[in-house]
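Both of the next two complexes hold chain A, though its partner changes from chain B to chain C.
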Partner chain A sequence: MRTTPIRWQSSLLLVLVLWTALPISVLVISSIGSGWFYPHLVPTSWSTAAWSELVSDRRLSRSLLTSLWLASLTGGIASIVGFEIGRRVSRTPVPLRYFALAAAFLPVAAPPLALGIGLQYFVLRAGLGGTLTGVWLAHSAVAIGYTTLYFIGVFAVFDRRVEEEARSLGASPLATLARVTLPLHRRQLAEALLLGFLVSWAQVPLTLLIGQGAVESLATSVMSYVHAGQDHLASVAGLLLALPGLVLMGVVGSSIRRFAVATV
Partner chain B sequence: MRPMVEVESLAASFGESAGLSDISFSVGAGELLVLLGPSGAGKTTLLRTIAGFVAATSGHVRIAERDVTCLPPEKRAAVYLHQSPVLFPHLSVAENVAFPLRLRHVVGNRRSERVAELLESMQILELADRLPRTLSGGQRNRVSLARALAASPMVLLLDEPFSGLDPGLRQDVREAIRIVQRTSAPATVVVTHDLDDAALLADRIGVLINGRLCQIGNPREVMTLPSSREIATLVGFTNTLSARADGIGNIETAIGKLRVCGGTVSGSGSLMFRTDGGRLTCDGEFRGRVTAVTTRPGSVTIRLHSAAGELELASESGRLPEPGDEVEFALHRERLVFFPGS
Partner chain C sequence: MTVDKHSTVGLILPALIALPPLIGLGYAVTASLGLVGVAPGGSTSRYLREVIANHTTWAALGWTLWITIASTFLATLAAVFLAATFRAESKADRFGRIVAVLPLPVPHVVAALSSLLILGQSGLLARVAHSAGIISTPAQMPPLVYDRLGVGLIFALVWKEIPFLALIAFTVLKNRGGMLEETARSLGANGIHTFFYATWPVLWRGMLPGIVAVATFVAGSYETAALLAPSRPLALPLLTMERYTATAMDLRPGAFVLAGFTLLLSLAAVAAYGATIGRTDRLQ
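Take a look at the complex of A and B:
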C-alpha cells in the first residue's frame, strides 16, 4: 500500500517531536503546577509563585546575572578570537593547518571535567581560582575551540578574491577587514556569538571546578535546586537555561531560510 | 610614449607552475597590451606579480617611474580584475563603485557625482541601486570596470575578461574596455586566449610561453611573423609542412617546390601557414583530396589530404567542393613562414 510509508514517516516525526518537546513541556508544567504526583496526569493546582520567586530569590537572580555576564563576554570574545584564528588558519599551508585544526578540536573533544582539571592548575597558579575572571577564562578556552572550528569551516569556502579585489582597489588589510570581510560575515559572527554564549551558559563542570563554589551560575543553581528538592525553582531556572538555545534555533532557522531565498 | 608600467628582468614562482623568468616589457599610458599564451604559460602569474599578489623573486616592477616591486597591492596604483567579475555582494552597484572613493575620503556630492559619472560612462546608471546578485554577466563586468576606474588606476590588469562570455557579451566587454581606454587612458594589460579579441583590442601583443615572454610587437607583426613554431601554432598557423630551405628563397616540401619572400635561412625545418595562406584554384600548383568541409559563421574551412599530409585552407565564396573531390590549390608565398630546425 502506498500510504504505509507516509504513515510510518508521520509516526516517526511524532515520536521525534514528543521526544524533544516533552522534557521542555514537563519543565513548563512543573514551573506553574504543584501537587503533581503519581497517578495524576496533570498537577492538582496551578500557581506562578515559582516565577515570582525568580524576582525575589536573590540567589537565583544573582546567578542569572552572573550567567548572562559570563556567557555574553565568553560569546563576544570567542566569536572575535575564533573569527581571526579561523581566518588565519584557512590561509595556512596544509600540514600546519591540520595542526591548527587539531589544536582547535582539542578543547571541544576533551571532556570538560578533564579540561577543567588541567585548567585548574594554571588558573589557581594565576590566583584566579574562585573568581569570575578565572571561570570566564575556562569557559573561553572551550568556546574559542568551538568558534574556531566554526570559522575554519566558514573560511574554507570563503571566496578570497573579494578581499584581493578590495586590496587592489586601494584598501589596506585593516580597511579590507573592516569594510569587506567583517560585513560579509555579520550573520556568521552573530551565530558564533550565540554558540560561544551557549557553551558558557550551559557549562557546569568548569564553573564548579574553577569557581570552587564561589561563582554560582544559572546552570550550577539548577543543580543546587535539584539536589535540594526545590522542584519549582529548578524548573523555572531550567526553563531560563533552555531559553537561549531555543532563541538560537530560531535565529539559525530564519537565517537558513533567508540564505535559501537569497541564493534562489 | 612615456612608459606607465615597466617590468624589468622579472622572475616569480607560484604554486606548481613553472613560474616566470626574465620578463621585460613596458606599457605606455593609454596603451593596451594583450598577453597571449597557452594555459599554464604564466600569464595570470605575471598579472598578479605586477598587481602585488605574487612576490617577485627577482627583477623590478615600476609604475609611473616608481619601483613598486616590494609594495603591497594597495600602494601600487594598479587595479587587478579577476577572470570573472568579483563585486562586493553586500553593497549595491553604486556603493561598489563608491568603494575606492570612500577609501580616498572623497565625500558628499563629489562622491555621488563621480559615481553617477562612472555609471553613466559605462551605460549602467539605471542599475545604481541593484545588488550584484541581480545583475547579468555583462552588467557585472561593466560595474567591475566602473569600480576600477573609480580608483583612478595608472595600470589596469584584466585577467581573461572575455572568458566564458557569449559573443554578444564579449562585444559588450570589449566596448566597455574601449570606454575605459578612452576616458581614463591607463596602461592596460589584458590576458586572453582569443585571437579575435587580441586583434580587436591590442595596441601590442606579447606572447608568453613557459614563463618567458617570447615575442612582443604590434598585432600585425605577431600574427603574420611569429618568431617561433610555438607562437605560430598559438596565433593560428594550423598547417605545418616538413621542408628544406636553400638559403636563397627556395623551399622544397613533399607537395613540391616553393619560393618564399626574403628567405635567407638554409637547412631543414618546418613551413607553416594559416588557413588563409592558400586557396583552392582551378590552375593550382598542388593537388589534394577533400576530406572535410566545415562551415562556421563567416568562413568555410576545407580540410584536404595532400602529399605532405593533412592541410586546412579557408575557402572563398563560390562553389564548395564535396568530401572526396580532387582539388588543386595554390599557396600565398607572402603568408608562409619557415622555421629552421626539427
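Take a look at the complex of A and C:
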C-alpha cells in the first residue's frame, strides 16, 4: 500500500541519489581532473596522469599489490578456519555454544586500536613487527572472528542428515567432509572468502600498528597521500579501495546482508 | 548435557581465536598498571591516575562521545526515514532501497577522503559558495573539517553508517512491520499514530543491535578521525595513537590506559543494549 505521495518520493529519490553519488563522483573527478583548484567548480582540463601513476609510481602499485596479497590470504585462511570452527560450534550443546559465540565475537567487537596495541606485543616477540606476515596474522585474527560468526549462522540451518546418510553408507568422516559438506558449502565458502577479503582490504589501524610504517597497504596509502597533499593520487587509491566492495555488491547483491557487519 | 569430542573441539577452537585479543587486552591492562611493557616498575596506579587527572583525556572522551552520539543519532534518523519512505514494491521504492545501501562496502577511509574534498575550505562546497557569490576567498568559508564541532567527521560517518542501519530497517519493516500497521489502521489510527505506536516500536527493537554496533565502531574509529578531526580536542583514538607512538617512552603506559577506556566504552554500549533489551522483555 502506498502512503507516500509520488512527487514527494521522486524528489526524495533525487536527493538520495545525489547524497550517495556525490562523494564517489568527487573522487572520480579529482582523479582525472587536472588544475582543479579553488574556485573552479570543474577541472580546467582532464588527464589520466594520476591513473598512469599506478604503473609509474612504484609506491602506489606496491601498496595495491600488498593489499591484494594481504586481503586474498586473509580471506583464504579466514574462510577455511571460520568454516571448521563454525561446523564444530554448531554441534556444541546450547549453553556451551553461547560461550563459543562470545569467544568468536570478541575479535569482532574489540576496537581495532585497542586490539592492535595488544597484538603488537606478540608480533614483536615473534620477530614479525613491520613484516607482511605479522600484518597478515593481525588481519586474520579479526577476519576469522567475522567468518566464524558467519559460519555459525550457516551451520545453524544446515540439515545434518545429509552427512549422516553418507556416514551410514560407509563414508569416513574425512570423505564425508570432502565429498558432501564442502561441496554443499561452496557458495558460502566463497562468500566467507570475500568477507575476510573486505575486512583486511579496509583495515587501517592494525596495518599501521603492526606494519610499523614498513608495510603500506592501499588504505594506509590513502592517508599518506592526503597528508602529503597529493589529492589526485589519494583519489586514485581511494577509488581502487572502493572498487572491490562495489563490484562485490553487484555480483552478490542478494547476499549483501551477510557482509553488512564487516562494513559497519 | 553431554560434552562429546565434537563439543570439546567446538569450544577449544573459538577459545583459540579469542586468545590473541584476550591476551593482547590482558597485556594492555597489565602494561597500564606498570607490570609489563617498556616502563615496568612494579605494580602502580600512577599511569592510571595520570591519565585520569589529565584534562586532555576528558576533553578527548567528551569529544569522542559527542561525535559518537551525533553521528549515530543522525544516521539512525535518516535510516528510519528511508525505510518508512521506500518500503513498497514499486520500481521507485526498490531503486530507492538499492541506492540507500550503495555506500555500504565503501571503506571509511574513502568516505573521509571524500568529506575532505567536499567540505574542506577550498573544497567543492566552498567553490559552490564562491560561484553563488557568498564567499570570495577560501578563508571566508566556515571550517567544516578539522573543526571543533566535527562537522566533516560527522558527515563522513553518517554517509557511511546510513546504509548499514537502513539495510536493517528495510529488513525489519519487511518482516515484521506490515501486519501491526494494518491492525493499527483497521483500529482507526491515522498515519502519525500508526508510525509512533506500531512502526517505530518494531523498528527500534530490530535496529538496536545495529545502532549499538555503529556507536561502538564510531567511538573506536581511527582512520576517519585521523583525516578529519581537529588537533584540539583530540579524538580518543588519536590521543591513544599519539601516546603510543610518542618517542617519550613514559607516555606509552598511558596509551594502554586509553586503549582500555575505548574498550570500556564499547563494553558499556553493549551492556546498555543488553539492559535495554532485558527491560523491554520484562515489560512485554
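The working rule: the second predicted complex is superposed on the first by the 231 of 264 C-alpha atoms of A that agree within 3 Å, B and C clash if a C-alpha of one lies under 4 Å from a C-alpha of the other, contacts with A are read in each partner's own complex, and residues count from 1 in each chain.
The criterion applied here is as follows: a contact is a pair of C-beta atoms (placed from the backbone, for glycine too) under 8 Å apart; a residue touches a chain by one contact, two chains touch by 3 or more.
This is a predicted model, so every value here is computed, not measured.
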First (chain B), second (chain C), both or neither touched by A:183: first
Partner touching more residues of chain A, whether chain B or chain C: C
Chain B versus chain C as contact partner of A:13, first or second or both or neither: second
Contacts of A:226 with chain B and chain C, given as first, second, both or neither: second
Touched partner set for A:238, first chain B, second chain C, both or neither: second
Touching partner for A:119 - first (chain B), second (chain C), both, neither: second
Chain B and chain C contact sites that coincide on chain A, given as residue numbers: none
Of chain A, residues touching chain C in the complex: 1-4, 6, 9-10, 12-13, 16-17, 19-20, 22-24, 26-27, 30, 37-41, 81, 84-85, 88-93, 95-97, 99-104, 106-107, 109-115, 117-119, 121-122, 141, 144-145, 148, 198, 201-202, 204-205, 208-209, 219, 222-223, 226, 231, 234-235, 238-239, 241-242, 244-246, 248-249, 256-257, 259-261, 263-264
Chain B residues within the chain A interface of the complex: 51-53, 72-74, 78-82, 86, 88-90, 99-100, 102-104, 133, 147-148, 150-151
Chain B-touching residues of chain A, taken from the complex the two chains share: 159, 161-162, 164-173, 175, 179-180, 183-184, 262
Complex interface listing, chain C residues touching chain A: 1-3, 6-7, 9-11, 13-15, 17-18, 20-28, 82, 85-86, 88, 90, 92-93, 95-96, 99-111, 113-118, 122, 124, 126-128, 130-131, 138, 159, 161, 164, 167-168, 171, 191, 210, 213-214, 216-217, 219-220, 222-223, 226-227, 237, 240-241, 244, 255-256, 259-260, 262-263, 266, 270
